[in-house]
């Protein structure tokens, strides 16, 4: 088991390396460098100082030296300085990342809470009315683009009905740490996470449904029935366990979806997270922030796939042995 | 032995002729009412969009008319105007045309790349397959949306073609993976071994033997991808990182809703485009799902 | 000179293990196998699943690459040939596959299936091609109009005969039949087996007949090679193998076959017990320390056994 | 013979729904299994033997299966029982062995747990007692090192070992009837011999009745006490095993016996049964169902509504066509098959 995880991590290293090269190259390809930002804030800087600054920042070094320095800094948690906000990227991120993590976690949990029961009902009672409704819903949610759905949700529940706040992550007038503060926080979360969750159920529902349908005709289920195992236990002990495998395998890729989704959701609900920060930074050409964000997102996805494999190996003895 | 010689052969279970995947899938599609309705609706929309985009005066549409800013729908402007007084309906038609065409282009390009790469990796296996799969695995863990946005932001001389290229560079992987998996399974079947022992060259086995057996999967996948690509394109355009400003997209119209005032009070600006995207994607998806069911049913029959 | 001579054939697959997935061992699918086929005979390769019989067959026809050894067809070593040179020998060796369902492309008509080899090797006009295909279709007992049908319109036995027709079109000298009837029902099995015997006479075919079913092997084969874990355990005429088995593995295999006479039930059980006892007592006379058998040793003109 | 019948099947019809219509795969089968008796059901694929086996425990999908007639287990009709009621019997009084030991075992559950599972529902044993019993069972089915095997997963065991586990599951609660559906078909011949030996041994120790479903006449000859030959959903011949092999009567039985190559005797040509087993939808529902495959036998030899008749004590044959059945000249195999 431990060996398996170690091996899996070793496999991740070249991917991480490639990712870092790609991000580094992107950063180099971006018009302007670390100085352009400063220059914009301080137009009076003369050529002499400029050259000195350039030398000081190591911008004249060969690319690989810059790369190694960048990686070193990265490992020490130094993501550079945002020239727009004039503060370390790490500080900037720490303000926002909590919000995004909260939102993503809500979406993921909510989506599983919705999808798993629906998938089970749908797979267990195939062709029933409930199944047809669930399949219909999953088709609809598969076809609907997130940004349009979120926009409609905001329009209907935020503006027309006015049930939920239309922007931000918390009511700024509420004092931090009070009960009201948390209520307000949850209140701000409901609409974006519901929008995200309702659309991200489709994968789980369909995988679960197909997997249950496939599993329930397998011979070992017949064996279990022939043992006299009650129907509910057949599902809980034999079918579901086997059917959850692909969902666990899918978890890693859910994270890619969540990162993409957060860009839309945070933009539409003006939710101050890293998705919104990313868009702002792109518009303001705040490159150090962009590079940091791409790197972190890539890392998150890699960790997600790692997590998937670890879960899989924990559940499936066939992988564990290997 | 003798009794069977020349005698009419008993035919098992099915007697239907010709398992051409296209005809079977077409028949299934027409039988499915929802899918048939979707097909008809989509055809009508596309006919109107492509038909009227030929007639519409593009110059007229993009011309700023400060006298009629945010005009609500009227007989002159069927769907009102935007902040520049430009006709929404006209933009809707042009946008829909652009979105659909670009979605289609991306689908075809990624389809071609995915198919080629998938077939090669799956058929030959070994080192080739290993390298290709490592590349695909890598691309799949990249934060796709962020990278596209970064690329769009930094590419010099950005235009429609660069957009299509950027999108295609990321989106072929899923298809290649699918086709590879199916080819791998198909390769293990004895009809492929038989072809090899009969002296059929590899390229011919790939194109003539394996490809026809993947056709239904490919059709389904391309259809569903078309819908997905239209969605991604309009989504990116919504964020402002899709089509360049000179090329209106449905997403651009929706993006006006970023302004809360427009979102709340001027529904005619963004709602029609949103609904049009929704309807198009639903139609294509319903068609795709019906095709998928048909393909699955085919597979069950063998 | 033997018609087909297989010399020290080896097919190894690497086993990777450890942290860096290095090759730590080999699966010896076929491990130093030698045998000869005379023109016109039926040679049976028997063994339990995983013994390497199918791999041997597929290596001879070139579907699997040999790790080492020679495959001499009329004196020419097929393993040394380039792809281009091998192309000419393709016609001489053909194969009948096990599964009548997967061995025919479901998307092709019978005409296109049977004409595939013709299109690769002979430039025929469409009329000639059709005539030739129809000739073979009738030869295997199907209606000439069948050529416009698709495989799914035929039963398992009929499909298997379509596969045979396809193999016959190039006038092969050697046919490798890999479990040709094991996917079929007993009554259909008989049909295909009888038919294979008929065409063997008519087309002067040599068969390499691979099967796990000793009854069928007995029925079809002149000479038999018994395989175990990639090696030959015993080789001899049908008569020798079934009536005078020498190796304990062969004896075990034969005694395991169900006796179709219920009155001999007790004797059969007793026989098995005796052989099991012998197997355990004399294991080391037949297997080396690694559980592998010894090289074949000739004990008569036609009979060889793997004993030290 | 004063054996107690444990299973009495009367006029059983098992129909499956295909495109809104029901087709009988098992059509009017009556069969009795006594305690301590092995009854084999033989036939080619599509004859309804597996459908029959699964219907005894109600293992067909309920929504597309129709069951008519009676299946009385120790005098109690099983057909009207609900699934929870059936569950009282499944695994406790009737055990089942499936064909493919790889797919018949749950890949994610240790084999020990899988054997124990039926005890969870049918006994009140403590968990250590269950474990103890499982270890005994493992030993009993010939598994070396039960302690270690208990925690193993199916993919870690060989095919023969897996089938032994499947058997251990079937006998876990000492059932009085075991249904074995092609128990050796997926196995190599040496393993098959071992499994047959094991089954026979267990059966003699436990005095269970066994219904053995198989297509292999060799297995039948070695295992069965009585044999029912099925064709197209019906039993066409029923006899004790010696009679069936020495004096087969029904044309189908005789054709089958003549079409199999044997190790003992070598024949030049095998008998070929013409045509194919008709599909469920195209099954002839009247007259002799085997008629079309022995077309050289005159129509008048067949009965209009063939029934199973007792032609000698304990020997039942369907239809009168057997009386004047012969093999056409070019089809003759070794006529003395098995009699010698």
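Here are a few things to note about the model shown:
By letter and in written order, the chains are A, B, C and D; residue numbering begins at 1 in each of them.
Note that in this section a residue touches a chain if its C-beta (ideal position, glycine included) is under 8 Å from a C-beta of that chain, and two chains touch if they have at least 3 such contacts.
All of these numbers come straight from a predicted model, not from anything done at the bench.
Looking at the partners of chain B and chain D together, the chains they share are A, C.
Distances between chain centres, each the mean of the C-alpha atoms, put A farthest from chain C. Set side by side, A-D and C-D show the greater C-beta contact count at C-D.
Between chain A and chain D the centroid-to-centroid distance comes to 55 Å (mean Cα coordinates, whole Å).
A separation of 31 Å divides the Cα centre of chain C from that of chain D. Inter-chain centre distance (chain B to chain C, centres taken as mean C-alpha positions): 48 Å. For chain C, the set of residues touching two or more other chains reads 155, 191, 194. Shared interface positions of chain B, defined as residues touching 2 or more other chains, are 1, 4, 10, 12. Residue numbers of chain D whose C-beta contacts span two or more other chains: 272, 276. Against chain D, the residues of chain A that register as touching in their complex are 218-220, 222-231, 237-238, 241-242, 315-318, 321.
Considering their complex, residues 48-49, 155, 157, 185-191, 193-194, 197, 212, 214-216, 218-220, 238, 242, 252-263, 265, 268-269, 272 of chain C touch chain D. Listing the residues of chain A that touch chain B in their complex gives 15, 18-19, 22, 26, 29-31, 139-140, 142-148, 151-152, 154-155, 159, 166-167, 252-253, 256, 259-260, 263-264, 267-268, 278-279, 282-283, 285, 290, 293-294, 297-298, 300-302, 305.
Remark: chain C residues 58, 61-63, 87, 90-91, 93-95, 97-99, 101-108, 116-117, 120-121, 138, 141-143, 146, 150, 152-155, 158, 163, 166, 170, 191, 194-195, 198 touch chain B in the complex. Residue ranges of chain B in contact with chain A, taken from their complex: 137-138, 140-147, 149-150, 153-154, 156, 227, 231, 234-235, 238-241, 251, 254, 257-258, 260, 263-264, 267, 270, 274, 277-278, 281-282, 284-286, 289.
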